[in-house]
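Provided herewith is a single structure, encoded as structure tokens, for subsequent inquiry.
Letters A, B, C and D name the chains as they come in the text, with residue numbers starting at 1 for each one.
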Amino acid sequence: MQRHLVLRVTTKLLMPFILLFALYVQFHGDFGPGGGFQAGMIFGAGFILYALVYGIDSAKRVAPAGALRVLISAGLLLYIGVGYAGLALGGNFLDYGVFSAQAPKGQHLGIFLVELGVGVTVAATMVTVFFNFAGRGRD
Amino acid sequence: MIAAHLPALQIVVPLVSAPLCLLLRRGDLAWALALAASWAALGCAALLLQQVLSTGPISYQLGGWAPPWGIEYRIDVVNGFVLLIVAAIGAVVLPYARVSIAHELPEDQHAAFYTALMLCLTGLLGVTITGDAFNLFVFLEISSLSSYVLIALGRDRRALTAAFQYLVMGTIGATFIVIGVGLLYMATGTLNMLDLAERLPPMAESRTVLAAFAFLTVGAGLKLALFPLHFWLPNAYAYAPSVVTAFLAATATKVSIYILLRFFFTVFGTAYSLELVTLENLLIPLGVAAILVCSTVAIFQTNVKRMLAYSSVAQVGYMVLGIGFASTTGLTAGLVHLFNHAMTKGGLFLALGCMVLRLGSVQLDSLAGLGRRMPLTMFAFVVGGLSLIGVPLTAGFISKWVLVQAALEQGNWFVAGVVLVGSLLAIVYVWRVIEAAYFRPAPGGDPAAPNAAAPGGEIVEAPLSMLIPTWILIGASIYFGIHTSLTLGVAERAARFLLGGGA
Amino acid sequence: MDALGLYNYWIAIVLMMTGFYVVVSRGNLVKKIVGLNIFQTSVFILYISMSKVSGGTAPILAEGFETYSNPLPHVLILTAIVVGVATTALGCALVVRINEAYGTVEEDEIQSQDQEA
Amino acid sequence: MLLSFLAVMAIGMLRLRNLFAVVMLSGIFSLLSAGLFVALDAVDVAFTEAAVGGGIATVLMLGTLALTTDREKPPEGRLQIIPLLIVVATGALLIFGTLDMPSYGDPTAPIHQHVAPRYLADAERETSVPNVVTAVLASYRGFDTMGELAVIFTAGIGVLLLLGRPRKRRERHGGGQSGGQGE
């Protein structure tokens, strides 16, 4: 598909919107439907679209396997880290209330952070899975 | 401060080590980290059990939300005991893993392998410790998914099909558990196990609850390889990497049995499970069938790993029998056997792993003359075999002795007889291995051995890093055959706790 | 407790059993995974059906709404969906590897190859 | 109405032997059930189901088909009785279980009485997040979500371990038999 001009141009036009939408879903999940998981999925799907149109190789230059490996771990570590932070600040594991003098604010911060962790790991996992499947082509 | 958060640390320490292992990339560093984490987990488990024994059940509120709104960890004698078993096996298996895995897996997969292994350990511990029915499912899936991967890493291509079969069966089992939990939630409006236990008795007549009970039983039965649902297990154990087989054989089915116990006795309550549904009419025949059929099948296996895998299904039968009696003695027998069998079977599979390292195969024929070439490994196997049979002074004897007592208490001579017959069958299959190893001459040069790991045909003893863990487990199965106060004492308390209303 | 009130659950159960039947009866490994997917999705439908409150609205708090549907099953199913897709990914990876090792994804052909070996 | 469509899809997937069509149908199945979830007020779930079932799962399965084959071998003529019996028995048990369930949409059902009201009443005050689903997911039951993330992580590791290496070194079993499509 690398040679279809229409596809390439459309993809290029769409990409910013897909990624922007992913970010919107990520950060607006507190108020409307959405959250880290859905955002990660959309982000991953957008990237897969890019890889399909522009070829796996150029996609891999954008997101090398090593970086993906780091990102997969980083998201989970962020989540667990938030949990540990709760411990360190004198609460129970994953207690976000202690992050701020007013518990609800701390909660909001905690939710924001863990959703971010979810989004990162999900997106990176999706892309990794896709690369690994695509990398075993017939050739 | 740390003591108060032990329940969370028990899970989170191994969990955090998993992504870190992946980040380290170097196999040896990842191994060192996993080792440290597994020992820390063992320490947590020991402290927790001690705390429970002296002060009673511990409750920990994750996220600081009170149950039933938040998720609660609840440790009592029963799961404290199971936690200790799982963590101990993890801590013993890891030192062993380094050489064995270096031999069986390519270098660049090591870090990811330890990641998967730590995830599996986390999942199993998480299933055991949690007091929330849905949280149980989530952690069950962590352990299941990682064990599918671990099994698929076996060198034979049949490992792949075995893993796929396990994936299908395991997913059906897990989905059944989800259906069961959903039905319970629909009937009561809560997911917390203690809360469920309080709300269920008034609805004992409800058909929804009965359906939930059936789905949970079948779902857990699939996971623990309860007799007619065991078809995934022999292949999965036979073709997985040695370390994985030893780890899973000693922990995964045990945790599933714990799930069954927890739902039967805590959530539904003794009155419901035994008086209303009369579970013993189901469990005892299944246990008997498992012992007789699978022990017999084991005799005809030529792959020793597969032989022991069938024997595992039979041993699950003993534990199920113990649960089926539903008396304090019966449950004690089930729980003690859970512990003893974890030590014995773990040790046996580790011994087999040593043979795989040197021979490349564990076909009966290739073991010929091994008694002289790998005396320590082979002797470990013999001792483990004796414990499997249930010879006095081994741990296996203790559990079978208590089980027979439980049978006789209820005047059930038939079951007592079955236990004896099972031991006789075990003698036959263990003897086949011993006969091959000690009484057949070692083949000279042996072109049939499919592995070139021992060039020049010289087969030497396995390295110490593998022998010591093997002997720790085998030694434990002797030690706990002589000093029974720890195992029997705790198991009896746990049994009484389960029957005493459960709460 | 009228029959109509349970209709939703029953359809979900019929779907569930269709998926389950695909899993246990079909020998094609890809189809087994599809079957598992149907099975699990139908369980999700069962859960979400439980959560519905007549006259309720989506559980996002806003002015002017009084009744909301039950959010807890939604949360559980979100988790379950993720677990489901993780299982699918692993299953697909295994199918690819099996196909590389055996050259087929039919259960009976794999079995006959194993018996020859 | 939607439910009936779903049933047609499911039967279609059972009957069809062109695996490509089966996978496509399963994608549509997911999208339809996402529509159903919207009708049942579960917007977050619908969103996820559409992204997962209609998107990622379908892409994964198409990828698998591309690497394997898209024709299913025709099954042997006989009707498979044992699977049918198992399935019918399971289904009957479930239907039996539904008999004592509260009616669909009944606001007085126990499920809406015990735990859930507190979330609806207090979540916004306690977490300052108006989407109750997000609040429960990330805070009240945040530990479940951490587990869920670990599951995804496990799947990522699994795929990495299973498919991450070039296929040549994988042929351990005689090498010859694995003629596959690809070579």
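The rule we apply is simple: a contact is a pair of C-beta atoms (placed from the backbone, for glycine too) under 8 Å apart; a residue touches a chain by one contact, two chains touch by 3 or more.
Bear in mind the structure is a predicted one, so any value in this text is a computation, not a measurement.
*Asks:* Looking at chain pairs A-C and A-D, which one is connected by more C-beta pairs in contact?
*Replies:* Most contacts of the two pairs: A-D.
*Asks:* State, to the nearest whole Å, the distance from the C-alpha centre of chain A to the C-alpha centre of chain C.
*Replies:* The computed centroid separation for chain A versus chain C comes out at 24 Å.
*Asks:* Could you tell me the distance, in whole angstrom, between the mean C-alpha positions of chain A and chain D?
*Replies:* Spacing between the chain centres: roughly 21 Å.
*Asks:* Taking each chain's centre as the mean of its CA atoms, how far is chain C from chain D in angstrom?
*Replies:* Between these chains, centre-to-centre, one finds 4 Å.
*Asks:* At what distance in angstrom does the C-alpha mean of chain D lie from that of chain B?
*Replies:* A distance of 29 Å separates the two centres.
*Asks:* By the touch rule stated above, which residues of chain D touch at least two different other chains?
*Replies:* Within chain D, residues 43-44, 48, 52, 56, 60, 63-64, 67, 94, 98-99, 101-102, 109, 111-112, 115-116, 119, 130-131, 133, 137, 139, 141-148, 150-155, 157-160, 162-164, 167, 173, 178, 181-182 contact more than one other chain.
*Asks:* For chain A, give me the residues that contact two or more of the other chains.
*Replies:* 31-33, 37, 69, 72-73, 76, 80, 83, 93-94, 96, 129, 132-133, 136
*Asks:* Can you list every residue of chain B that touches 2 or more other chains, as numbers and ranges?
*Replies:* If we look for residues of chain B contacting two or more partner chains, we find 15, 18-19, 22, 62-63, 134, 138, 141, 145, 148-149, 152, 157, 179, 185-186, 191.
*Asks:* Name the graph shape formed by the protein chains and their touching pairs; answer line, ring, star, complete or other.
*Replies:* Shape of the chain contacts: complete, all pairs touching.
*Asks:* Quick check: in the complex, which residue numbers of chain B touch chain A?
*Replies:* Answer in residue numbers: 5, 8, 12, 15-16, 18-20, 22-23, 25, 60-64.
*Asks:* Where on chain D is chain C touching in the complex?
*Replies:* By the definition above, chain D touches chain C via 3-4, 6-7, 10-11, 13-14, 19, 22-23, 26, 29-30, 33, 36-37, 40-45, 48-49, 52-53, 56-57, 60-61, 63-65, 67-69, 72-73, 75, 80, 83-84, 86-88, 90-91, 94-95, 98-99, 101-107, 109, 111-112, 115-116, 119-120, 123-124, 130-133, 136-137, 141, 144-145, 147-148, 151-152, 154-155, 158-159, 162-163, 167, 170-171, 173-174, 177-182.
*Asks:* Going by the contact rule at the top, pick out the chain A residues touching chain D in the complex.
*Replies:* Spelled out, the residues of chain A in touch with chain D are 29-35, 37-38, 41-42, 44-45, 48, 69, 72-73, 75-76, 79-80, 83, 93-94, 96, 103-105, 107-108, 110-111, 114-115, 117-118, 121-122, 124-126, 128-130, 132-138.
*Asks:* Name, in rising order, each residue of chain B that touches chain C in their complex.
*Replies:* For this pair, the touching residues of chain B are 134, 137-138, 141, 145, 148-149, 152, 157-158, 160-161, 163-164, 167-168, 171-172, 174-175, 178-179, 182, 185-186, 191.
*Asks:* Going by the contact rule set out above, which residues of chain C touch chain B in the complex?
*Replies:* 20, 23, 29, 32, 36, 39-40, 43, 46-47, 50, 72-73, 76, 79-80, 83, 86-87, 90-91, 94-95, 97-98, 101-102, 110, 114
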